[in-house]
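The following pair of complexes shares a single chain, subunit A, combined with subunit B in the former and subunit C in the latter.
Coming up: the complex of A and B.
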C-alpha cells in the first residue's frame, strides 16, 4: 500500500508529457556546423519556470573561454581572469552593453544579461580577444556538437518555433524558422545555413610588433 | 660623449627599468629571429656602379611592457626593449656588423573598443659596430604615429619620424668638407596598411617619403677622371673637384667601395611584408622593399631588397 501511494504521488508530481527535439545543423556544403545555437519558443507562450542562471566566461592565455556561451535572459555571467595580466572586458551590443575596467583575478560583480540578443565581447587591452554570449528569450536551447547535433529536452507538449543562430550565420535566424509540434517522443529537424567567414583582429606571434 | 660611456648608459638604463614603480609591469618577452636578405645595391650607388649582396642576420630581443594608467583603465602602455643582432654579408664581408640597441615606446589607445585610434611615440638608440670600422655609428630615431583599425582585418597608420646617425670622423679627410659621411640626419612620413588575407596570413604595405641627408657611393664621380672607378681613390677628387658644384656635405675614401659622399636629397620607399603566423609563438615573414633617393644635384640611386625571416617567441 505504501508503494502504491508513493507511485501515485510521483505521478502527481510529474508535469504533462514532455518531448524532445533533435536538430541537425549543416552548411550549404553539407558539412556539420558545430557551436550553433538551436532554440525553441512556444507559440502558446508556455514556458517552464527558470531559476536564476549563472555562467562563467574565463580568460586564459589572452582568450575568452569558452568562445560561445548561451544563457536565458536575466542570467548572471561572471568573467574571472586566469591570466597573469589584467583584462578590460566590454561589449557595445545594444541592450546588453557593459564594461568591466581593468582587473585581475575575479571581476567585482557578475554581469546580468537582461535582454535577449547576441552580445559580442571584447578586451580593450587585447583586441583579438572576442567571444559571444547568446541571450535566449526561451529556456529551451542547446548548442550543436562537432557532428552538428543538438538536443532540446523537457519540452512541454505543444507547438514551437525553432530557430538557429551561429556566429558565422549569413542572414537572420528568423529566415531559418521552422514550426514543429512536440508531443510524446522525439522530433527531428534539419537546418541548412549559409555561412560567412568571421574575422578576429590579428594576434601576432611577436610582442614587439603588436600594439593593442 | 664617449662611446663606452654611452654604451654603459644604455645598459644601465635598461637594467634600471624593472625598478620603475608608477605602473604595472607585464611579463617579460623574449624572442629570436633568423633572417636571410638580399639587396641589389648595398653600396647605394647610381646605375652601373651597384653592388649586390646577400646577408644572414641573427637577432635576439628582450622586452617588457608596463600599463601606466590608473587601476581602472589600460589605455596607455610603455614598452621597453633591447636587442642585439649580428648580420653577416656574403661578398662584402666588411659590411658585417653587430648592432645593439634599445627602444622606448609609448602607446595610447584613445578610447574603448577595437577601432579606437592608437597613438604611439618611440625613441630608439643603437650602436652599429661594423667590420669596416669607419662605418661604426650610433643611430637614433624618434617616431610619432597614429593607427586605427577599420575592422578586424584592416589596420591603417601614419607616422612621422626623424633619424640621426652619429658617424665617425674618417682619418682620410682630404677636402675642406670633412669626411663625416656617416654623420647624417633625415626625416620622413610613412603611411601603412595591414590586412589579414587569411586568419593566419597578413599582408602589410607602406609607402614612405624621405627628406634630409643621405650618403651614397660616389664611384661614378671618380670614373671620368681616373678611368677606374675602384682604383682611383681620392687622388682623383683632388684633381677633379666636381663635388664642389654638387652641394656635397662630406666626402671620403671608402675602404670598402672606393668613394663615399654625403649630400641632401629626398626620395620614397615602398615596403611590404607577408607574415604567416605559424603559432602564437612563431611566424615566417617575407619582406620586399624598394627605395629610391634622389640627391639634390640630380643623381639618384635605388635599392630593392628581399628578405625571409623566422621569428620565435620564448
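Coming up: the complex of A and C.
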C-alpha cells in the first residue's frame, strides 16, 4: 500500500522533480518510533495534481489489515470482508464519519475520505478491532519503518511544513511542525515526539479474543 | 473454711474464665484474619463486576453514536438512561480534555469537581484507561469506576458510581460469615463519614463518636467496647494502598463467648450451690464445734477469774459433750479444792494451810528453830462446871478469837486448841529470826488484852478468867504428823514440852508469863525478872525461868534487890535472903516472894547441904 502511494507520489511529482526528505522519529526516550506518519505540506501551495486514489482495508481474523493507512484527501477506501463472519465497520471521526452496518461477504461501496484528519475505525461487533486511516492534506508523506525512518522523495523544490502523527502522539501534530526548504539533494529532519498510553478496548478479556 | 472454699472456687473460676476468653480472642483473631482476606476478595470481586458493567456500557454502540453525532443534551439523556440500565447511582461522561459532558448528579455541569481529579487522572495514566476508587461525591460515599468510552478510539471517560450504603455492608456481612462491617470514608480528611455500618444505628453512632478520639489504624488488632460489650476489630484499606477509606471488621467477643457464658452460668450455679452447702455445713459445725468451744472458753475464763461455780451446758452426745462434762468435773474439783482451802484456813492457820497446799503432803518433818507458846485458862475446869455449855462455847470462842488475832498479828501460828489451851508456834512453818521476841510480845499483849476480855465477860455475866503463858525457844521438829489419811502439821520436841511445863508453872510462881532462859537469851534487851532455876520433871538439865516485863513494869532498883535476894538464897544465906524478900514483899509484893520465904523456912530446918547448886527440883508437871 505504501509502495502504491509512493508510486502515485512519484508519478504526480514530476514537474519539481528534485528534493528528498529523510526524517527520523524517536520518542523522548530516544527509541525509534515505527508506524509514524511523516508528511510535508508545501507552504507555497504548489501541490502536484493528484488523481483518484484507492486503498483497501481488509478484515482478517477479526483484525483490520493494515492497521494504519495513509491516504491523500479524497481517496476512496474499500473495506472488503475476508472473514466469514459479520463485521460492522464504523467511524465517528469528525468529517469522515461513516458506518457500514453488519455485513459479511458482499463488497460494500468504498468510503471516500474527503476531509483531512485521523479516522479511527472500529467494529461494533468486535470491540478490540482497531485501525486508523490518516487522511493527509498533502501528497507528500511516508510512514516510519522499524528504525523510525521515513523518506519523502520527489519533493519539488520549495518550502515545506513537515509534521508527524502517531497513534500514541500526545498533543497535536502542529506542535511538531518543522519548516524546511527543499533544494537539490536530501534533507534530514529529526522528530522527537511525546507518547501517550494507547488503550485497547477489552484488553483484559483475553479469553474472549479467540471466541468470536 | 467457707472462705477457703470460696477462694478455691474463685481461683478455678478465674482460670476457666481467663482460658475461655483467651481462647475466644484467639479464635476471633484467627477468624478475622481469614475474614479480612475474604472481605478483600469479595470487595475486589464487586469492583471487578462493577468494572465489567461499566465496560459493557462504554462499548454500547448507541452511546458511541450519540457521542459521535449527538449534542450535549443527547449525551446527558443517554447517560441517564445507561445509569438506570445498570442500576448505578451516578454516572458521568468526561472528555479527554476533562470537560464534563454529562453528569447525572448535576445536569448541566461542565467542570470536573476537584474530588474526582485524582481518580480520573489515575485512569488517564493507567495502562488501560481504567480506575476504581472509593470516594465521597457531594459528601456521599461511592464506589466509583472509570473506563474509557471507545468510539472506537478512547474519546471520553465514563464514570459510574454505586452508593456505599447499608445494603452493601449487609451483603458484605453475609459474605463474610456474619462479621460486622463498618465502612469509613475520609480518615485523612477533615470530616470522616461512616458510610455504612452493620452494627445497628445506636452502636454505629457510638462507634463514630469513639473513632474521633481513637482513630482506627490500618491493620490494628484491637478490642473496642461498643454498647458496653467488647468487639475485636480489624481495620482494612478499602483498596490497596488506600489509607483514607477503610473497612472495620468487628466480631463481638460476647457472641463468640455465648456458649461459654452458658457454661459459666452452670458453673455459677454449681459454685453457688457449693457455697450454700458449705455455709450450711459451716453453721452446723459452728453449732456443734464453734459454739461449744466458745462456751468452754468463757467457762475457762470464769475459772481463771476464780469463779469455780462456772459450769458449761453443752447438750451434745459427741466429743464436745464429753469435753463439757470433763470441764464441769474439773470446775467442781476446783470448787471443792477452793472450799477445802477456805476450810483449811479456818481449821488450821492460813500459813499452815498454804504450807500444806503448796507442797505435796508427806509425813515427817524438819528441824527448825522455833518459839513455842502455850497459854491456858487457870482453873478452867472449875469455872466451866458452873456454866452452861453455850456459855462455855461463847466464852471460849470470844477468848480464842482474841488470842488468835494477837498471835497472828505477831506472825505466830496457832497450832491447835486443846480445850481452853492454845498452842502457838513462832518461826514455823515460815522461818522468822525474830520469833522469840514476837512470841514474848504476843504473850504480853495477850495478858494485857485480858482486861478487855473480862469486861466483856462481866457484861455477859460470865466469870472473869486469868491465863498463864509459857514460852520456850529451841530446836523442834516441824512437819506433818499422824497418818496419811489424817494428819496434823505441828511441832514436836523437848523444847515444846518445856514450853508446856513453863505454862503450867505460872500458877506456882503466880506470874502471868514464864519464858525459858533460851527464849530470854534470844531476846536481847528484853527486860526480865528471874524467877527460879529448876529441874523440871523428866529433865536432868536445870533451866532458868524468867518473867518478861513490860518496859515500865519495874524499876531497876527493885530488880537489883530481887536478884540479890535470889543470890542470897542460892548462897544459903537464909537470913539475908529472908530480909531482902521481906523488903521486896513490902515494896513490890509478888507471890514468888512468899514461895521463896516458904522454901527458906523449909531449908532452915532441912539444910540442903554444902555444894547445893540452888536448883529447885520440881516433881509436878
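Simple rule for what comes next: the second predicted complex is superposed on the first by the 185 of 212 C-alpha atoms of A that agree within 3 Å, B and C clash if a C-alpha of one lies under 4 Å from a C-alpha of the other, contacts with A are read in each partner's own complex, and residues count from 1 in each chain.
FYI, contacts are C-beta pairs under 8 Å (C-beta built on N, C-alpha and C of every residue); 3 or more make two chains touch, one makes a residue touch a chain.
The shown structure was predicted, so the numbers you read here are calculated from the model rather than taken from an experiment.
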item	value
Which superposed partner A:65 touches (first subunit B, second subunit C, both, neither)	neither
First, second, both or neither for A:154, with subunit B first and subunit C second	neither
Subunit B versus subunit C as contact partner of A:114, first or second or both or neither	neither
A:85 touches, of subunit B and subunit C: first, second, both or neither?	first
Winner by number of subunit A residues touched, once subunit B and subunit C are compared	B
Contacts of A:181 with subunit B and subunit C, given as first, second, both or neither	neither
Partner chain(s) touched by A:124 [first = subunit B, second = subunit C, both, neither]	both
Touching partner for A:97 - first (subunit B), second (subunit C), both, neither	second
Overlap of the subunit B and subunit C footprints on subunit A, listed as residue numbers	88, 90, 92, 122, 124, 127, 199-204
In the complex with subunit C, residue positions of subunit A that touch it	88, 90-92, 97, 120-124, 127, 129-130, 197, 199-204
Partner subunit A, residues of subunit C touching it in the complex	55, 59, 61, 64-65, 67-69, 124-129, 148, 150-155
Residues on subunit B engaged by subunit A in the complex (per definition of touch)	24, 26-27, 29, 31, 61, 63, 65, 67, 69, 71-75, 77, 79, 81, 107, 109, 112-114, 116, 118, 120, 147, 149, 151-153, 155, 194, 196, 199, 202, 275, 277-283, 311, 313
Interface residues, subunit A side, partner subunit B - complex	61, 84-86, 88, 90, 92, 99, 101-102, 122, 124-125, 127, 199-208, 211-212
